[in-house]
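Input: structures, listed below.
Look at the two complexes coming up: chain A is in both, with chain B in one and chain C in the other.
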Partner chain A sequence: MSAFDLLLGLAAVGVAYAWVFGRHARCGWIITLVYAIQFGVLLSMGGLAYSGRTPVAASFGFQFLGQSLHWRLDAVGWFFALITLGVALLASGFMAGEWGRTWRARGGSLRGLHLALALNVFAMLVLLASGDLLSLFIGWELVSWASYLLMALDGVRARDAALRYLTYALAGAMAILAGIVLLWVEGGDLAFDAVARLLPGLPDGRLWLLVLLFASGFGIKMGLLPFHLWQPKAYALTPGPGAAFLGAISSRMGLFALLVVVIRLFGLDRLAGLSVPFGLFSARDLLAWVGVLTIVLPTFTALRQQDARRLLAWHGVGQTGYMLLGVAVGSDLASAGGLMHVFNHASYQALLFLVVAGILHRTGTTDLNRLGGLVARMPLSFFLMLVGIIGLAGLPPMNGFVSKWMIYRALIDAGSPLLFIGAVIGTLGTILSVYKLLHNCFLGQLRLEHQDIEELRWTQLVPMLLLAGVVFVTGWFPGLVLDWVGAAQAALGLPVLAHTLGGVARAHGGLDMIWLVGVLLGGFGVGALVFLLGGRARRVHPLDNYAGGHFLDSHTRYQYSDDFYAGLMHRIGPWYRGLFQRGEEALVAWVDLLSLAMQGLYRQARPALWLVAALVVSLSWVLGAA
Partner chain B sequence: MRLGFELVMMPLLAFVIGLLMVLLLRRIGARLQRRVGPPFLQPLYDVVKLYAKRTQVSHGLIHEIGIVMAVGGYVATETLLPVPGMNGLADKGGVITLAYMMMVPSLGLALGVGQCANPNGSIGIARALTAMLAYDIPFMLVIFGAAWVYGTTDLSEIIALQQHGAWGVERMPLLALAGLMTLPALMGKQPFEIYVAPAEIATGPMVEMGGKFLGGLFVMQAFQLYTLGVLYATLFLGGGENWPLFLVKIFAVVSIPMTIAWLYPRYRTEDMLSAMWRWPLLTALLGIAMVMI
Partner chain C sequence: MNDRVQSPGERVTRTNPLAHVFDELSRFCRSRSLFILHYCTGCGAIELPPAMTSRFDMERLGIQPMVTPRQADILLVTGYVSVKTLKRILLTYEQMAAPKYVIGICSCTVNGGMYWQSYATAKVLKAYLPVDLYIAGCMPRPEAVITGMRALMDDIAAGRAESWKRYYTHYDHYLGNQQALFGENWQTPTDVLAEARHYGLLGERSEGEHTALLERHQQPLEPLTMRLRAPAGGEEKA
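On to the complex of A and B.
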């Protein structure tokens, strides 16, 4: 029995336990323990990522239509599995204590939540270890359905959003299946290395078709433009810890599949050579530009959100763009940045979703116009959200800065000013948007109804503190993550980034976060010293302030949270056209019309006649073929 | 040991030169309005007065931490900017890191103002962040162009390249021009000073700031002027060969926006967006096209 068998077996034990004992009061802690053991087993395979040993294979596998299906975990899968299990462990810990009890008391199904999470982990491990295209497809479908279960737990609106997701996911799966069938017809073998041998010889037209089928199929799960609409609503309506898990890693499964199929099998050079007439635009440019559009448009949609969970979910879509952009540019620095961003994003996104879940838990709302001033009541949560938003905005000293720095730096090397400025606009928009999030939740005026709420319990704070620690420590010592990223790069056939513990050492401008974070902390120390040198400050009540002759009190609502960036929206407001939304509506209308027409045909207009006609046509086709 | 000395000296020098820049800008402003202007030590007196005031009003811990971040962020930033004889941490971060480090103090200011629970303060912060979105897009393009032309993001290397060859302003005049056009907005000077709102304190970030809180922001402004002056001189004017020349360059850079500051009426926030996204952005794009094609 290999280590991977053990891992998968433990994941299955988690599922079974949640299924049978899910109603039991202690269930949450035991499942958390099971995740912890899985995490340990995965770490024990860690040599894999550091030294690039051979993948850990599963001892099972079977034959289907002459294809052998098998599973093995290589460095890429290990990297993604590490994030999956880490986030699952912390999310499960978060809901094991007081959060879970309250959730159950409010009528939620804690058993369903634990079960769905365990199923997700199991399905993702199956996907991450797939050894050929057929096993990849099986894992893909498992993941799609498992995510649906997690999304559909919280009421009718959540079920609607989850169903919308499922429609998108099914369309994506069809595209992937079509791609697999095409490859089967061409080569007759679906093992990864056989497909890799087959692909370079295929004509350009066929390759374009394959790239588009796979990229759009996987892109739907990633939430790439224009297939992103399902994601924000579905994630926002998932119960807190579930949303943290989905937002952190679930959509990254699309990126994983894109990496192992489109990037590894096709190869970036082949994609760059795949161009439309006159060589103006290659398949690789297409990926990079989809990445940039996915950064910019969803980020500015996030800026307009009035709900904390929606705002975060939209940023989740936007940040995916950085990962794709990095990988599509493909140099050692860019692809390392893209891959590292997967890790970084998971850490701060999970943290932010958990903080927002905590706010919802205490106040009963995530509406940004009904919160404010909570820093006085929940100071630790404020601090945790601060760490998270600095990471999400990509500012030093948190880890988000490192991965984005790599992407900017690589774009300068590549000489792509437009992609660069797209990435920068995304970052600036994110800064605006996350400040609004922090301001409207924790700063400003504390509302009357929130005067007496308490800080979260330790069972909730500990997972969040651990995540915040990861965000900060991997920002200070990015080399820790870059070790794993380097192994993943090697496994994907991408150029491997030479790195140090502090970042990237290279001629003509590197990055050493150990020094930078050190000097930043030193600077804060100096700032604090200077501050303390000044006269002694007297603390006043937050509402004791100057409002140009008006008097503010708890009954006068603080009116500056709604339409926070009024000046900006004056200018760019008319640019929001809801094009994708209307496109989706148009598509739905056409499908409705088409299905009505079909119904009309077989229900009303002489079904027998159509049946006979269809029979004749198919018979003549069969006879003709014979 | 040497590095330790530099890490202490660089922010100190920046502080002193920054105060002198504040003085210079005030004097230029005064001359344009046919006034005499403040005495030589006035900026220092201001800092001391603000820090030593007896009435110091704090709205809470985050209010204080915000001010600490605003000053501390710039103290750290100064160690990334090479000056004659001292490179500090220039090779550890480079120009992109510098640009992002400069956002940390702004975030600190935003946090501090946010805790004050004054709607007018929040309006000011919303404007300041919008202004950042306005000027940083052309500014980052300028940085991109310069880094691409020099083939490096290391500021000390950029200086060496210019001192052994042509200055940046010769090699990429349009980018230098675009940088100059964004400079008044980066400095928060007229006609782009609405987000600081110095003339109507009641509707700006400063509304709840007094004593050492305002003093911290005053120090932050001095650092900001210095940082921008040095960054511009480093990218386009060959950096500092020696201290006298270096000082001439950086004082010239910060005084240009001030001399034309009052030619234009103040821009509203939304008009500032259009202003920044039109000519500076176009000039920067043209400049990049010129050097890349």
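On to the complex of A and C.
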């Protein structure tokens, strides 16, 4: 029995336990313990990440239609599994205590939540360890359905959003299945190495078709433009810890599959060689530009959101673009940045979703126009959100800065100024909208109805503090993560980045976060000394405030957060056209019309006659073809 | 914490031989960096845009507009002061940090000007708060405004612009005039006597019958503290 068998067995134990004992009061803690043991088992395989160890194979597998299906965990899968289990552990810890009790008291199904989370972890482990295209497809379907379960837990609106996701996911799965069938027709063998041998010999047209099928199939799960519409609503309506899990890692499964199939099997050089008119635009450019558009448009959509959970979910879509962009550029620095961004994004996105879940838990709302001033009542949560948004905005000293710096630097090195500008514009939008998030939740005027709320309990704070610790420590010592990233690069056949503990050492401008963060903290230290020794600070009541000389009382709204960035929106507001939304609606309308027509045809005429006609036509086609 | 604002007028034993040099330096610097609060009343405000912008350019003297009273040095009262406006002026004046200077622009601030018959106008500004300087005229041109500013700068550099201390040392007098105008329930969020104590300016004429009246009516605003747990009452409600 290999370590991977043990891991998968433990995940199955978690699912079974949640199924049977899900209503038990201590269930949450025991499942958290099971996740912790799984995490330990995964860490014991830690050697995977270093020095090209062989993958850990599963001892089971079977034959199907002459294909041998098998599972094994290599360095890429290990890297993604590490994030999956880490986030699942902390999310489960978050909901095991007071959050879960309140959720159940409000009528939510805690058993359903635990079960869906455990199923997700199990399905993701199956997917991450897939050893050929067929086992990849099995894992893919499991992950899709498990995500649906997690999304559909919280009321009618959530179920609608989850159904919308399912429609997209099924379309994506069909595209992937079509790609797999095409490969099977061409080569008759679906093992990864057989496909890798087959692909270079295929004609360009066939390769284009395969790239488009696989990339759009996997891209739907990632939420790449133009297939992103399902994601924000579905994630925003998932209950707090579930949203943290989904936002952190679930849609990264699409990136994983894209890496394993499109990047590893096709190869970036072959993609760059696939070009349309006169070699101006290649399949690789297509991926990079889809990445940039996925950065810019959803990020600026996030800027307009009035709900904290939606804002974060839109950023989840936008940040995926950085990962794809980095991997599509494909140099050692860029792909390391893209892969590291998966880890970084998971850490701060889970943190931010948990903080927002905490706000929802305490105040009952995530409407950004109905919050404010909570820093006086939830100071630790404020600090945690601050850490998270610095990471999300990609500013030092947090880890988001490191991966984004690598991607920017690689884009400059690769001579792609337009992609670079797109990435930077996306970061600008991120900074603006995360400031809005922090400001509208925690700063400004404390509302009357929130005068008596409390800080979260330690069962909720500890997982968030651990995540914040990860965000800061891996920002200070990015080499810790870059070790794993390097191993994943090697397993994907990408050039491996030479790195140091503090970042990247290069002749022309490297990055040493140890020094950078040290200098930054030193600067803060000087400021803190002046503040503390100066002794000039004086606390005043918020109502002892200047409002053009107006006398303020507690019923006066002296600070407004509604219509944030009104000036900016005056300029760029008309650019928001809702094009994708309207495109989706048009598609839905056409499908509706078509199905209505079919239904009418079938119902009004004699069905038996139509069946006979269809049978005759198809039989004559089959016989004629033979 | 002893961070009293020093001035030559005070009889404090000072051991540092360079103390007066530092005082001189800080007064010089202070006079070259003045922030005017963006708060204007009446018609004299119309003379400030030309005084601030490129033609007369007050900024070459180090004078700039500032949006909050906490960071501002100068309170301009630029025209007639109605009773309602005077309340706002006092609120804002008390929110400013010392040292602070008040300039009355236009004749209305001196004696009510053309509004001297009005029942709703406070005629003599300096009865309610100490005024450093009047710039008379109806209205004074930007040259006159700038000349007044220069005079204030000279006063500050020479240590003569000390009227803000008078508000603390003679608080009872000013408060009495305010109460006479606004009624005995008059109060502002600022605890002026505590500030007077902080600056070491609490004198025998700071307190009196008017401050005693104020204390009877006052409902103090407690600073908002950060806390992790709701008070017991809040938990019962939840």
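Keep this in mind: the second predicted complex is superposed on the first by the 616 of 626 C-alpha atoms of A that agree within 3 Å, B and C clash if a C-alpha of one lies under 4 Å from a C-alpha of the other, contacts with A are read in each partner's own complex, and residues count from 1 in each chain.
Methods note: a residue touches a chain if its C-beta (ideal position, glycine included) is under 8 Å from a C-beta of that chain, and two chains touch if they have at least 3 such contacts.
These numbers come from a predicted model, not from an experiment.
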Partner chain(s) touched by A:551 [first = chain B, second = chain C, both, neither]: second
Contacts of A:375 with chain B and chain C, given as first, second, both or neither: both
First, second, both or neither for A:353, with chain B first and chain C second: neither
Which of chain B and chain C A:455 touches, first, second, both or neither: second
Which of chain B and chain C A:535 touches, first, second, both or neither: both
Touch count on chain A, higher of chain B and chain C: B
First, second, both or neither for A:218, with chain B first and chain C second: neither
Touched partner set for A:484, first chain B, second chain C, both or neither: neither
Chain B versus chain C as contact partner of A:543, first or second or both or neither: both
Chain B versus chain C as contact partner of A:417, first or second or both or neither: first
Where chain A meets both chain C and chain B, residue numbers: 375-376, 379, 446, 535-536, 539-540, 542-544, 546, 548
Chain A-touching residues of chain B, taken from the complex the two chains share: 7, 11, 50-62, 64, 67-77, 79-80, 89, 91-97, 100-101, 103-104, 107, 110-111, 114-120, 122-123, 125-127, 129-130, 132-133, 136-137, 140-141, 144-145, 147-148, 151-154, 157, 202-203, 207-208, 211-213, 215-216, 219, 268-270, 273-274, 285, 288, 292
Residue ranges of chain C in contact with chain A within the complex: 1, 3, 39, 68-70, 85, 87-89, 91-92, 95, 189-190, 221-231, 233-234, 237-238
List of chain A residues in touch with chain C within their complex: 375-377, 379-380, 446, 451-455, 535-536, 539-544, 546, 548-551
Residues on chain A engaged by chain B in the complex (per definition of touch): 373, 375-376, 379, 382, 386, 390, 394-396, 401, 405, 408-409, 411-412, 415, 417, 420-421, 424-425, 428-429, 431-432, 435, 438-439, 442-446, 502, 507-512, 515-516, 519-520, 522-528, 530-531, 533-540, 542-548, 552, 558-561, 564-568, 570-572
